[in-house]
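Consider the two complexes below, in which chain A is the common component and chain B and chain C are the respective partners.
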Partner chain A sequence: MAYTPQYYPGASHVAVNRRKHMSGDIEKLRTVSDDDLVAALGHRAPGADYPSIHPPLKEMGEPDCPVRQMVEPTPGAAAGDRVRYSQFTDSMYSAPSIPYFRSYYAAINFRGVDPGTLSGRQIVEARERDMEEQCKATIESEMTCPALAGLRGCTVHGHSLRLAEDGLMFDMLQRTHMEGGNVIEDKDQVGVPIDRKVNLGKPMSDAEAKKRTTIYRTDGVKYRDEPEVLDHVHLVHHRRTMYGYRPETAAETAPGVGPVTYHTV
Partner chain B sequence: MAYKYPSEKIFVEALKAKFAGLDLSEQKVRYVRAGYVQNARKREFQAAGERVAAQRGMQQYDVNIHCGGMTLGQRQLVPYKISTTPDIVEGDDLHYVNNPAMQQMWDDIKRTIIVGMDLAHETLEKRLGKEVTPESIAGYMEAVNHTMPGAAIVQEHMVETHPGLVDDCYVKLFTGDDELADEIDSQYVININDLFDKEGQADQIKAAMGKTTWQAVHIPTIVVRCCDGGNTSRWSAMQIGMSFIAAYNMCAGEAAVADLAFAAKHAAAVQMAEMLPARRARSPNEPGGLSFGYCADMCQTQRIAPDDPVRCTLEVVATGTMLYDQIWLGSYMSGGVGFTQYATAAYTNDVLDDFTYYGYDYALNKFGDDGSAPNDLATATDLATEVTLNAMECYEDYPTLLEDHFGGSQRAGVMAAASACTTGIATGNAQVALSAWYMSMYLHKEGWGRLGFFGYDLQDQCGATNVCSYQGDEGCCLELRGANYPNYAMNVGHQGEYAGITQSAHSGNHDAYCCNPLIKVCFADPALVFDFSHTRKEYARGAMRTFRPAGERSLVIPAGI
Partner chain C sequence: MVTTTDTDPVQYEIFPQRMLDPASAQKLLNRLEQIEGVTRVLVQGPRLPLTVPYGPGKGAPVDHTDREIIRVGDQVMELQVKVGRIRLEAENDVMEEVRALCEELFPFPFELKEGLFLRRKATVTDYAKYGPDELVEDKSIYGMTDPSMTPTAKICESCTDTRE
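After this line comes the complex of A and B, so read on.
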């Protein structure tokens, strides 16, 4: 599928990282085996077949439908996989990714995914093997620091809590711990113990996390110091307001476009 | 008002109390995982659960059920400081089930109806040729205060309610006619001149009312605990009709009684909240029909402290968040206990106060007096940007503050409310203030790449489009929007703040009321069980178990429960 990268305002490295996440131009930092990922997700036993909810599409005799002719099924849909999820929590303390940019990454770069975005968690639902493909790419990449982000199906408030002494994001269910300098996961997404230790690798250093992060913070790149992003937000607000009121004036009076120019405070 | 934002953040005192001995700016902490036993209230709950189970022979509350044995308290269970008060309370005591003051606040609204007297007086005078005088009105007030609690007045051998069970029920009169007010026995009168003695508020209210006369009717709390809010007008109208019959020596069966009943039930009745459409299926006087303007008018801080518009505004926020979030959305519409967490963020730990006073100081310096800033999008943009950036920086600089508001919805509601309330006070215009709300939401989402729960993707992303548009079912002035306004009907963390935004505009203008002067006068009455001029203080009393509610049944049940 041909894809043209999305663009995003801002000159700082935070803005650059946001553009990278959106376009999928992200660096792979670690390897997590397929079986380890399956165990951590907790949906099926490693090595087990994918449970299905319908026969393979080729065996179903689908109706003559122009949409079906245009859209090639994803591997999971073609096989009849059930819909399952992966859900990440990202710490506010300079975790590499943030919920909306995880969603943009998933929606722009993968097919058949259903991202959901909240403050403490970001979920992707998809056919099981499609979800695993997307999750694996995410967890192995620079979008994820094993200490500052994690697979969490529930109790996600750790995203805004102070970090633990060892630098791990707080987790009520203690799904991960430090062992030999690496982050080890021994519970699945919802906190059920698994029969293996999944090695997620070393945490990012503070400096590396700040270099790779996509969040604006006073101890990193200050939001206040990114005027292009602020002006972009002001423009969105102005246009949404005016298009509901007098749409014919929205473009001509927009900040930076028409006679009204907003200066960032 | 001359105001200077203090050199130390206002919320710091609360954080010091909550996180005693810890560095408020430290990003790391040692998690002790002490469990539920660290908290006195949780221990009390666990013991109570064990007693209940033993008494009834069936398991009840057991903290060990939580998360498969991972009990509450894996982090520090911190208390809450009720904003602007010195009172520190347990979070559990801010759930309305545990807080009788919160219950009474809603009871006092639900059991209230305002009924005009002029239509009835015209019926008596013009149709029946009876004379209505201050003396006859006083006689009627005596009759109605006898019968409104549930006493018989024109029929022998009737059952009646125990006066001790309904001691909170009464009817008072208020009027824009000073001469008439002076001639009625003062026990029956809500004295507008005395209660609204600041900034010419009494004159504003009387000018809006004209020389009309109204009854503030409060039926017994125990009645609305058994029946829905729609019962208030019926209970009230029946007793009003009987009282007119008794006071004016009418025939109980004459046709004019129907006119009196129609006036009391419909033509002259002001419900506190409108009936909801069938899909929500709620009667009048239920919270879903309560407009933001009425909610703001029920709160009375503007009457006693008009020189502090931030305080006036945030008392309304506290009133609205408890009512709309904790009771309406949290129970009527959803169920569960989670909604309390959204609401408390707006009235605890002085956080919203800090953000709003910061904005107030900024606006005063930039635009001058309250209500004087230009009513345009540039003002909303300017104020919302500064207030939101400041608030985000506070969360970043004080990790314990971020931990206190551990959900994005809490942060979103508080930051947007501070932005909007600042703008309302500065401009005196609720629509411009509302625009600032949406600006704050956009800025928050873009800066941190997260906002609140899914609902924030709905109304907070599309809401700016109907700030100025008044197309039917899409837009309306904020005073007349309410909990069932289309985009607002399902989302926690918003409605109480909208009521506060409404107040902010009128506090900025130093108005005596926001939407309806009758509502304002009715809830000014110091005889009400809940004190609507000190909402947060009343919540604290409820949490500390010093608030005495109405509607108790101890007179008619065995002692020693």
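After this line comes the complex of A and C, so read on.
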């Protein structure tokens, strides 16, 4: 039987969602056209060719290197694309994803991406077409609610502020607004107006956002109510604290010793 | 040290669960103004800039729809913030009136607190802006302005009503 990684402990729907995000087994909820995505990212004009920083690898004549022969380059690297970024912000009010799980999703499921995880934002740097592929998959999936998450290259502080009356996360650059029940993006990720309205679809209802969230909150699933997660976090903390870079030498938590229970103070 | 006496005005803070749209803020402020005894009202929230302040898009116009001109009583002013909390001072206890008003206007929960939210004594910044305390005629200005505001800036008079 093929091994299926579990990715994350826990029994609640928040833990299930975290496992889904890490494994890449996520539901597609909306469709954003390639041109719309390119316009929202703002790195090149929609329909334009990908600018390159070096000739395609096939034309360059690479050195005789076993690693290069083993590792197939990503499409962006093979074509010599520029390195570009996409950055997401997720509201603390039960947004579907959070920076850590966006990074897990990118790092586990895509090649050639460099995810950066910060408290309020998550950035992915990659060759342009690789980044667009990852960004498109993210923005079209259940990892993104157009009201509670946003493509924001700068000014991300809305993630920690209360929502507006219409349920949108605060954005001082107002990259998105509600129009006929849909969230419309009419600026690129750094706040420069674009010549089109990118329809990101309807925002999630409160109930749906709470169902799809990966955030433990006191008004949802409490972190303290997830004993398996707490136990696992304690285990990792204990091993890293007591055994540093050799956690496998931890005698009391070695395989076969039995469960070790940690008690939260 | 600031001590509070029975003769001091009381202060309240309204903290709605959602940040208010300009129309809701205008409605609330107008109703607050009608409550007898309310002397000062201050709105606080994240700033809405005119242009992108930093990043690759620096300088691009923002045109935020929440940066709207509102009319409160006979004053017309441009909202420069998304209204997140409202602090007010009254000469007498108006807690229940304010609570009833908020319950009527807000379809979402809110917090209403009594405390000291607007300072009563001049700070060093106030001294630098307005001069010695004994020379300041209207002491109600303390705590009512943006700390980064320049001394020459006006609070309301620079705004004009462009709606009509």
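Basically, the second predicted complex is superposed on the first by the 241 of 265 C-alpha atoms of A that agree within 3 Å, B and C clash if a C-alpha of one lies under 4 Å from a C-alpha of the other, contacts with A are read in each partner's own complex, and residues count from 1 in each chain.
The criterion applied here is as follows: a residue touches a chain if its C-beta (ideal position, glycine included) is under 8 Å from a C-beta of that chain, and two chains touch if they have at least 3 such contacts.
Because the structure is a prediction, the values reported are computed rather than measured.
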item: First, second, both or neither for A:215, with chain B first and chain C second; value: first
item: Which superposed partner A:161 touches (first chain B, second chain C, both, neither); value: both
item: Per-residue contact with chain A, leading partner among chain C and chain B; value: B
item: Touching partner for A:172 - first (chain B), second (chain C), both, neither; value: both
item: Which of chain B and chain C A:153 touches, first, second, both or neither; value: second
item: Touched partner set for A:99, first chain B, second chain C, both or neither; value: first
item: Partner chain in contact with A:188 - chain B first, chain C second, else both or neither; value: second
item: First (chain B), second (chain C), both or neither touched by A:119; value: first
item: Overlap of the chain B and chain C footprints on chain A, listed as residue numbers; value: 155, 157, 161-165, 170, 172-173, 191
item: Chain A partner contacts - residues on chain B that touch it in the complex; value: 26-31, 67-68, 70, 74-75, 377-378, 381-382, 385-386, 389, 392-393, 395-397, 399-400, 402-403, 405-409, 411-412, 435, 438-439, 442-443, 445-454, 457, 462, 464-469, 474-475
item: Residues of chain C defined as touching chain A within the complex; value: 16-21, 24, 46-49, 52-57, 60-66, 82, 84, 108
item: Of all residues in chain A, those that touch chain B in their complex; value: 18, 92-93, 97-101, 116-120, 155, 157, 160-165, 167, 170, 172-173, 191, 214-219, 222-224, 229-230, 232-234, 236-238, 240-246, 255, 260, 262, 264-265
item: Residues of chain A defined as touching chain C within the complex; value: 42, 153-155, 157-158, 161-166, 170, 172-174, 177, 188, 190-193
